[in-house]
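Order of writing sets the labels: A, B and C. Residues in every chain begin at 1.
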Amino acid sequence: MTPTFAFIQILNGLQFGMILFLIAAGLTLVFGVMDFINLAHGVQYMVGAYLAAAFTAWSGSFFIGLALALPAALLFGLLLEFLVFRHLYDRDHLDQVLATFGVILFLNQAVKLVWGAEPLSVPIPDVLSGTIELSDGILYPVYRLVIIGVGLGVGLLLYAVVNHTRLGMLVRAGATNAPMVAALGVNIRLLFTIVFGTGAMLAGLAGAMVAPLLSVEPGMGDHVLILTFVVIVIGGIGSMRGAFVAALLIGLIDTLGRFVAPSVLRAVLDPAAASQVGTALAPMLIYLIMAGVLCFRPSGLFPMKH
Amino acid sequence: MTVPLLSVENLCKAYGALRVTDRVTLTVAAGELRAIIGPNGAGKTTLIHQLSGLAAPDSGQVMFDGRDVTALSMPQRARLGLVRSFQITAILPRLSALDNVALAVQARSGSSFRFFRDVSQDAAINTEALALLARFRLDARAASAAGTLSYGEKRQLELAVALATRPKLLLLDEPLAGTSHDEARLVIAALQSLKRDVAIILIEHDMDAVFALADRVSVLVYGAIIASGTPAEIRADPAVRAAYLGEEA
Amino acid sequence: MTHRLKPNGRRVVPLLIFALLALVPAATAIGADAFVLSLVTRIMIFGLAAMALDLLLGYGAMISFGHAAYVGIGAYSVGILSSSGIDDVFVQIAVAFAASGLFALVTGAISLRTKGAYFIMITLAFGQMLFFLASSLAAFGGDDGMTLPSRSLVFGAPILKNTVVLYYAAFICLLGFYALCRAIVASRFGRVLRGIRENLVRMEAIGFAPYPYKLAAYVIAGMIASVAGVLLANQAEFVSPAYAGWQRSAELIFMVVLGGVGSLHGAIIGAALFVLLAEYLSRLTEYWPMIFGPLLILVVIFARGGIAGLLKAWR
């Protein structure tokens, strides 16, 4: 692996990490404040991608598509909240997991019914389609840099809101001690709706941003959902900072592991075996890291709940 | 007095700026019944939590039966004979009253890693558990799910469970709270008959019961023990009267 | 002298279930569709896995979201061994036990240090880890899975090829492990487990440290589910990473909830309802999960306690 190649892979890892962060931020917020496990968060990401694809095709412009997809994803999230989720807040985790699994089953098929089983593709908008020369000879796609930028921007914005506004104070208090917040006479329903809407929007944003990079297809949210769980478990459920750090960690490990694992193993095994074991090991790497973190910190890196 | 069964040395605990346990030093002899009284919020239950191992103190030391138990968990302390009851009734609601008591017997007798034999065939355990239930006149309810017992019955069941562990020192957190007059008499009689065999630390608001049962009384105010002595001494102590008894008189 | 609570349903319903299951091959012998036999075999296989999960969910209050992984381990034990020429079913089961027990011991030891939602997500993640491992086994079909050269041999005889024999093999496994689970639940160990489910702090106060008991239950439940995997591989004559996928884990939880948590035989009823409903709906429309999903949501929101709960509400 040459340094140039490694550098590009690191950027790819960061870009993937940012997407994971956008999804994990919403999930960890919703979980932290509402003590609600939302398995359907992954399909909300998928719906965001489909909405972006549909609106882009309709308007002919990715930017108009994105601008329409975000409020649509928000509305869709609030509809789900109204129809399903709000009946589950005072239920145990088992009920929440099952009912939101039902939402996954429904939506994975519904998008097939509406948009067909064939993957949709969204072209990268012309302005962002080129590459940029980062240093001598290293070319990197502009669009991926934009994703990294968007992730950083959202991260900073969330950080500012969570740490420097009254709303953020309530969110932090809710993550630490939700009954206390309710007892203080805060309109907890409104707080829930804001938190949930933010989460839905962020998941939709992540879906819309990756639409030009990945194929938009049914089930695309399932794998991402589980990676997101790994992220928030490592980061500490409810912790925004934890989600950010863990998302980048997982993004980097998952991306680099595929290249590093075989080459590291080549030191001890013959090339064929190294590549075979390496490819088997790479997708398991993040779970092993998770296990390692939890061995020493059962509540994640930045635990919130007491 | 010989070596004390329990000796607590300079125990401290704070939640933020609030000192809930303030340099508590206390010794209890084998067979002694020690009452701890104090106004609400004095830190009585928090003290029990630390003695039983449910909460860790910030500093200080707990010696029990010649061992330093400060770092031991609640199950470890329970197996040594330092056993507590709970202020808010803690039973196993969907298990029968008999199972509730039998589990406590089981905890100290033989292995619980037995997978095949039905517990209803466990004659030794069941006989002992039934005898304990009978002591609190709960034997007729042995097969009832513990959650269906009356409040008073649950309090008594909890005492039966605590006794089933054969404790050396029993930490009782308001065993009379919420019981009827008759039930309270049963509990007091049971405590009376336990005296000398089992040391007891009793937290209780019922002053008649406290002064009738206790060998010695300690008064806890704002997390600190302000006085210890015989019931007569405590009754006569002006500081105690001012800080605590005075409020009720 | 019995002091245990034994409502009638505890004995009558399981008796009915097993009597009914024992008679299914007779019904197909006198003319019912042969497809019924393979369908009910599937029900028993998933019933076995769901019952093992109920031991955790219903008796130990552990919401394991990775239980399909153990079915996967069982299936791949058959797949990997038989493609290396080891066809004996008892060897395969022994390997499945060892592998699932070890996986459960290691992942359980880590998962059980955490609580609540963490436990759900971690078991899910560990299950997924196994899924990816299976997907990357290029020598054994990778993503696509692998067709078995043949069904397992019993004492060297290929009798499992006969669908009725396979049916009764599944039946005996289900009955045997049902009896085992019943015994475990009623044993000293089971009583500790139930106590931990009811009130953890109370159990600690009388001297029980919960961790080893939970871990033992976790290992037992994993090993039992691996037998379901051995059976599934034999029935399908095919193994695939999908067996271990997280959707399968969610389905197993649904079966348990559908039939009523904490009764063991409820899991079998739940598996039957689930398999039959999925079968029926999938014939109705290609988009059957669009009906199935909302149905699941409605069951969770309105039918708490599953079918057993509904029946109780009627009485």
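By our rule, contacts are C-beta pairs under 8 Å (C-beta built on N, C-alpha and C of every residue); 3 or more make two chains touch, one makes a residue touch a chain.
This structure is a prediction, so every number in the text was calculated from the model and none was measured.
*Asks:* Give me the ID of the chain with the smallest distance between its Cα centroid and the all-protein Cα centroid.
*Replies:* Smallest centre-to-centre distance to the global C-alpha mean: chain C.
*Asks:* Based on CA centres, what chain would you say lies at the far end from chain B?
*Replies:* Of all the other chains, the one whose centre lies farthest from chain B is A.
*Asks:* Starting from the mean Cα coordinates of chain B and chain C, work out the distance between those two points in Å.
*Replies:* Computed from C-alpha means, the inter-chain centre distance equals 43 Å.
*Asks:* Which integer distance in Å separates the CA centroid of chain A from that of chain C?
*Replies:* That gives a centre separation of 31 Å.
*Asks:* On a C-alpha centroid basis, what's the spacing between chain A and chain B, in Å?
*Replies:* 50
*Asks:* Applying the document's contact rule, which stretches of chain A touch chain C when the two form their complex?
*Replies:* Residues of chain A touching chain C: 31, 35, 37, 39, 84, 87-88, 91, 93-95, 97-99, 101-110, 112-113, 222, 226, 229-230, 232-233, 237, 276, 279-280, 283-284, 287-288, 290-291, 294-295, 298-300.
*Asks:* In their shared complex, at which residues does chain B touch chain C?
*Replies:* It is residues 52, 54, 73-76, 78-79, 83-86, 90-96, 98-99, 102-104, 106-108, 111-120, 122, 126, 142-143, 145, 161-162, 164-165 of chain B that touch chain C.
*Asks:* Going by the contact rule at the top, pick out the chain C residues touching chain B in the complex.
*Replies:* Per the touch definition, chain C meets chain B at residues 1-5, 183-184, 186-192, 194-195, 198-199, 201-209, 212-213, 216.
*Asks:* In their complex, what parts of chain C are in touch with chain A?
*Replies:* Chain C residues touching chain A: 57, 63, 65, 107, 110-111, 113-118, 120-122, 124-126, 128-129, 132-133, 135-138, 246-247, 250, 253-254, 257, 261, 287-290, 292-297, 300-301, 304.
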